[in-house]
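Take a look at the structures listed below.
Next come two complexes built around subunit A: one with subunit B, the other with subunit C.
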Partner chain A sequence: MFSDYFYYPFLIGTIFLFVVVIGRFVKWFMGLSKIDKIRVRIGLFSMKTLQSVWESVREGLLHHNIFKTNKMLGYMHMSLAFGWFLLIVVGHIETSCYHGSMFFPFQHSIFFRYYVTEPTDFPGHAFFNYAMEILLFFVLSGVMLAYFKRFRSKTFGMKRTTRMRYGDRIGLTALWLIFPVRFLCETFTAGVYHNGSPIFNGIGDAFASVGDLNPWLNPLWLTYSVVLGVFFVAMPFTRYMHIPAEINLIFLRNWGVTLKERRVNTFTLAEVYSCSRCGICIDACQLNLAGIKNSQSVYVLKNIRNKNLTDEVLFNCLLCGKCQEACPVGIDVNKLRITQRIETTKQYNSSYDYLKTGKTRQADIVYFAGCMTHLTPSIKQSMLKILDHAGENYWFMDENKAPCCGRPLMLAGQYDAAQKLIDTNTKMILESGAKRLLVNCPICYKVFKEDYQLPGVEVLHHSEYILDLVKQGRLDVNPSDLRAVYHDPCELGRGSHIYEQPRELLNTALTLVPMAREREKALCCGGSLANTKISMAERDVLAGKAMEEFATYAPDLVVTSCPLCKKTFAKVDSLPVKDLAEVVAGAVERKV
Partner chain B sequence: MKNIVIIGGGIAGVETACALAEGGNHVTIIERDDKLGGKLNQWYCLFPDFKKSTQVLDYIKNRIKNFDIELKLKSTVEKVEPNGDGYFIHTGNVRYAADAVVLAVGYDLFDATRKEELGYKIYDNVFTQADIEAKFRSGDLNTTFGKAPERIAIVHCVGSRDEKCHNMYCSKVCCVTGVKQAIEIAKFLPKTEIFCFYMDLRMYDKHFEELYRSAQEHHNIQFIRGRVSEVSATPDQRLSIKTEDTLSGRPMKMKLDMIILLAGMEAKKNTRQVARLFDVETEESGFLRSQDFHLGAGILSRKGIFAAGACISPMSIKETIENARSTAMQVNQYLKTL
Partner chain C sequence: MDFGYTTLETRSIDYDKFDRKLIEYLLQYEPSLLVCMACGGCTATCSAGNLVDFNIRRIQLMVKRGETDTLKAEIDKCMLCGKCMLICPRGVNLRNVVMLIKKKLSIDSGQLATKNNIK
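Then we have the complex of A and B:
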């Protein structure tokens, strides 16, 4: 009889899914670097594993991070994931109670109502009946929201939702069908055998009043088994692979695996497959304002996975980090992009003959202005004034000639070339014997902090350094009654987590007006060196929109702490824009 | 007799006014400043023949005396109302009826502080061509430290043909202005070395090319093809520039005593406002949009509103005067149809 084998599609799907997923996990692990493998081995038997279990529950089932961004979207994911999880767990317990044993054919727990149609009275029977039905309603509410979101994403407060591929449509259709079909299976069965709670029995009776339900039962249960099977088979090839992959990622990340080596390895895949394509990153992206709609992180991850990533998409990104901040899965998109850029970019055979180490000078502190500061000389002058004022024994390393810090090359994927500059600069800095390296450009700051090996040298952003001077009483700042907004540069804020020092410093010189979008949520000026595809006109749109937003706070001036942000905003020509070095240097001057 | 109101009393405004008054119209000029002549008042002499700018100003002043033109100085337009086929123009407490209006609001020199890397108003001895004209008029070409400059750089295309400043167009008169100023300086300070840094030199009008040739042949002025990327100060109170000699393909640095930035011509900051007031269209660059590039440079998108001079596009004094006369003719043709 066919009905005895109706669960085979489900069984095949499940086995297939497990084989593929486990196979992938093994492949990803094998492809990790040696150090990362050691990290996994050490991490496996540490508290980090427990921590990962908790995080998996919190993010994989409850979707806490999505809740933080969008309540409706969070509920949708939670009801589907957590609801389904509970259906499996509670269903299993129910079946164990029915059998009075932990061991039973496992299809019994999945298709419980199909098998148990006779009146029974195992312990907790009524409770399980109610619980399972309420859980099914819970999941169905999520499915309804999913239907709704697909057609009316604006209801979710989302301006855009992700575009889908063909395979995704199969997976999505199967997923959308699973729970409504299960609902029909159980209510129809209840209509015939009254094996549910009064709720489902009632609904079943209502269906029965329309016609005979008996001939429908077997086809319905078979359909249920088929949609489950189809979903499981489709899962590894669709975005739903994110369900197991995210759990895997949580563990690997907690064990300390990262993309730090800046070379593509299988950890990239572990991250790529963890993307659920929820679309939160799309709305976080400012490029939308300039009409750029195909290079957001979700599309890059998708393209990497489908092996059709183009430079047009990969390089059309400011690497501002706004999407990374918003990503509920915590995928390290910026590093991932840089790694991809290094991988796809031709390493040009340029000449670096000019990198002969110049004269070094013994000093307590090395000041490295960087290219962007040389293009904004009023910042440079302010920095020199402050250094002179503090009576510092400093060496202005790139006053006449010095290589670039290397970060722009790094962002462009020119890793080897960047390394040449890094080596030259490192040698010069170490030879100076200085204990501190002062930079006022966040782009330089990030690369000096993260990619240079400078033992015994503290890298300071000028916001940290000048604040120290003020705190030590080496610099008297004369307060003014100007009102200013502070713009967090991407590389300093989201990139290096320096938010408080600039604010504390500026508060000594003027009044800072808080803004709705600042710190982690700060806008990008649009000038970022990381984007090599954006047009000047598109950059202007981003800068203009940001300045419009600043203007709503009616400040006397906009203060930032990045020469590139300053230059980009100054072009808009609506509000005066200054670097915090200029603000402080101006306030110091007044008193003298 | 028809009434015509001209907005702006620079060269374009006055020449249009005179040409229209000559045809028997009643003309009013509304000028924001307290005198006529506009930007030309700041200039010392003109290319390509080194005619003193005062000679052009005198011509304007003498010409206007021949007509009964009403001057409303130190005034700006506050409101524009339609009035039958014409308009009412409100300024201060006065209301002028106008059968036609000519906008001759002129241009602004590009604010060189917007290219911070060139150090204008940050370092001493970085000037614009307008500052140098003022220096010519005062007869003092010394640096701020009171010394005669030994070496001067003239930087072309500052704020013109520069996507980074939103200005894609060529201001066209700066090339020859640079050559003219270089020769003037060379005549005044024969020992000074003068370098012009250019992208390409657009010697488009009569005698310009000859002037450029003469600068090289007779005045030893050196032309280097390359954009200046940054200016900095040296410890010995001089200036240093970084650039690339793109003909030899080599990056170069140079120490200097003075830098002259040839700032481009931009639409005035308030041209868009004026355009809104009169409900006429502007280009993306901010200049007023002509109805037809070839056939009607002075005709704007609204009936009875015309334009003359550098509010349409960058132009030289010669072209401004020609353009003013041409616009006056178009206004006359229009008035006949009323």
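Then we have the complex of A and C:
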């Protein structure tokens, strides 16, 4: 037949792909910290590796997580990835059977029907014919869905897909062509040689009835080889790099490599390249509602990759964590964003030389209200009332003077500056000799819990603390017949995984109405301090939309457990908004 | 010759001469600064102002007048807590203003490496 060199484009593409991908993996590995490298070395020969293999199959091929979000989108990804994978594996087995050996020129398995046109009868011949053709139909169904999605993404329940760059277009076009071209190659060949199953032979005969297929064969097979080659060459420079990168990420993650905010290393790249630009994070993001459409996680990842990230994009995010919760690849998008914020602002951290540790007082429990609580005095009053009712020996640390907890600075990337505040507060808390630190602001809670070194001091969010009081019988709560919805604050819910204590506590005082979007899927109030770019008007839109959603449950009031959420929602003025401290304080009776 | 008194240095601002670069930069990235009505709510609530002599409203004034000599030392006092922004009746996004001033001063003093890929 035609020149045997037709498979060269494919061959060159494959070699190129392997060299680039392996080169990148090596570069990423070399850029890890020493400890991370040791982690990888230890992990390599542990069960973690097997676990990663399984996870790679589940996510890289079957796309189990995308299925959970969206069946159609999951099927599309699965049919393409898993279908293609099976085509390669089954094709390889088929060729081994044909040759009666495991060793044969590898292009024979990729272009099997080009090489094997004469009648043969190796073991399983008919089975393989059917299997390969059905698999090709399976993949083609995914390709069809992909065409369809490009033009009508609503079908997938997706509002929008990501915009593409030039390189991505080449990659996408090649990918879209691969399987239809293969289909033509095989049916045309079957039309001439009848080397397929009755299905393809029939289709081939139908084509043959239109005209002579023979002159088409060589150009078609060459085209097939070329589109494969083009796709492989384009792959490392397009979003399709996510296919190998995601598998790499799964292994690294299971071996214990994590992203560290303060130390930018190549793990950032390992994560950035794993993004498939599926767009699920765009749909999860509430910023859309306020017309902010260029700062969602997928764009940040893309900008990091293309080295054109701007502060305007980087800081226009609430760090609410909704996209991270939804991301099927499990990319640490919030941490990644903070890492970038640290990088870009590290030249101008403050030193706060004026900070002095104030007077401290010996107590069993320290109450730190925090800046936001000082803006919502009714929450502060309620907390003090509860502390008094419980008869605690407490010290109100920031009653008059105290620095901020440091978290707002950290959210803006100013980790070094925040450390000064952390040090001052730490000294004061430890001096008081208290065993417990009580906060009612989830922003403070997260930083005290995760970034302060407070040996022997238990950090408590007021939802945990008050629930404890009630359980110990130190506080009696009078139930009422009010119906309420509970809003999970981002920093407390997705941020600190406290979902149940507030609910358990509230159920003693009123009736909670469950909502469709709560716990991990809870909305953001829009007030988040993490976003330094969003305007007040845009924040109000987000708060208003969330309140609209709450209103559909017809509650008597909205309860939250964050002073900032309360302040943000209260502006909307459609439903009464209370902090759970206020609810409890309004329902307690003094224990005698 | 010493007459036993001195004349005060003039406090007047020459609007034709002062350096507009900073304020223009701020307004480009945070236009809400323009609508401040100088009510002083931000200063009254300020967490840093509670601890040290620091006046965020005056900082805005300084910036608008192009007085940037003491700006660096002053702006560094802010703790970015966000109270000012929440209290402001005009919705001025002061946290961003603070961050932008810090950034611009840092760029101007040449600290911020230009190779930094984040613009």
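Here, the second predicted complex is superposed on the first by the 580 of 592 C-alpha atoms of A that agree within 3 Å, B and C clash if a C-alpha of one lies under 4 Å from a C-alpha of the other, contacts with A are read in each partner's own complex, and residues count from 1 in each chain.
FYI, contacts are C-beta pairs under 8 Å (C-beta built on N, C-alpha and C of every residue); 3 or more make two chains touch, one makes a residue touch a chain.
Please read all numbers here as calculations on a predicted model, not as lab measurements.
> Quick check on the subunit A-based superposition: subunit B and subunit C, clash or fit?
Once both complexes are aligned on subunit A, subunit B and subunit C clash.
> So in the superposed three-chain picture, is A:Gln340 touching just subunit B, just subunit C, both, or none of them (first/second/both/neither)?
second
> Counting residues of subunit A touched by each partner, does subunit B or subunit C come out ahead?
Answer, by number of touched residues of subunit A: C.
> Touching A:Lys446, do we find subunit B (first), subunit C (second), both, or neither?
neither
> Now for A:Leu375: first (subunit B), second (subunit C), both, or neither, which partner does it touch?
The answer is both, since A:Leu375 touches subunit B and subunit C.
> Using the touch definition from the top, say if A:His77 reaches subunit B (first), subunit C (second), both or neither.
neither
> First (subunit B), second (subunit C), both or neither: which does A:Lys567 touch?
After superposing on A, A:Lys567 lies in contact with both subunit B and subunit C.
> Which holds for A:Met536: it touches subunit B only (first), subunit C only (second), both, or neither?
Both partners.
> Give one of first, second, both or neither to describe whether A:His63 is in contact with subunit B, with subunit C, with both, or with none.
A:His63: touches no partner chain.
> Among 204-212, 222-230 or 312-320, indicate the stretch of subunit B whose C-alpha atoms run into subunit C.
After superposing on chain A, the clashing stretch of subunit B is 222-230.
> Which subunit A residues are contacted by subunit C in one complex and by subunit B in the other?
In the superposed arrangement, which is not itself an observed complex, subunit A uses residues 374-375, 536, 567 for both subunit B and subunit C.
> Along subunit C, where are the residues that touch subunit A in the complex?
For this pair, the touching residues of subunit C are 29, 32, 45, 47, 50-52, 76-83, 85-88, 91, 93, 95-96, 99, 102-103, 105-106, 111-113, 116-119.
> Across the complex, what residues on subunit A touch subunit B?
374-378, 380-381, 536, 540, 567, 570-571, 573
> Can you tell me which positions in subunit B touch subunit A when the two form their complex?
So the residues of subunit B touching subunit A come out as 114, 116-117, 119, 122-123, 163-166, 229-233.
> Given the complex with subunit C, which residues does subunit A contribute to the contact?
Interface residues on the subunit A side: 307-312, 314-315, 340, 343-345, 347-348, 350-352, 354-355, 371-372, 374-375, 401, 403-404, 408-409, 412, 414, 417, 421, 527, 529, 532-537, 564, 567.
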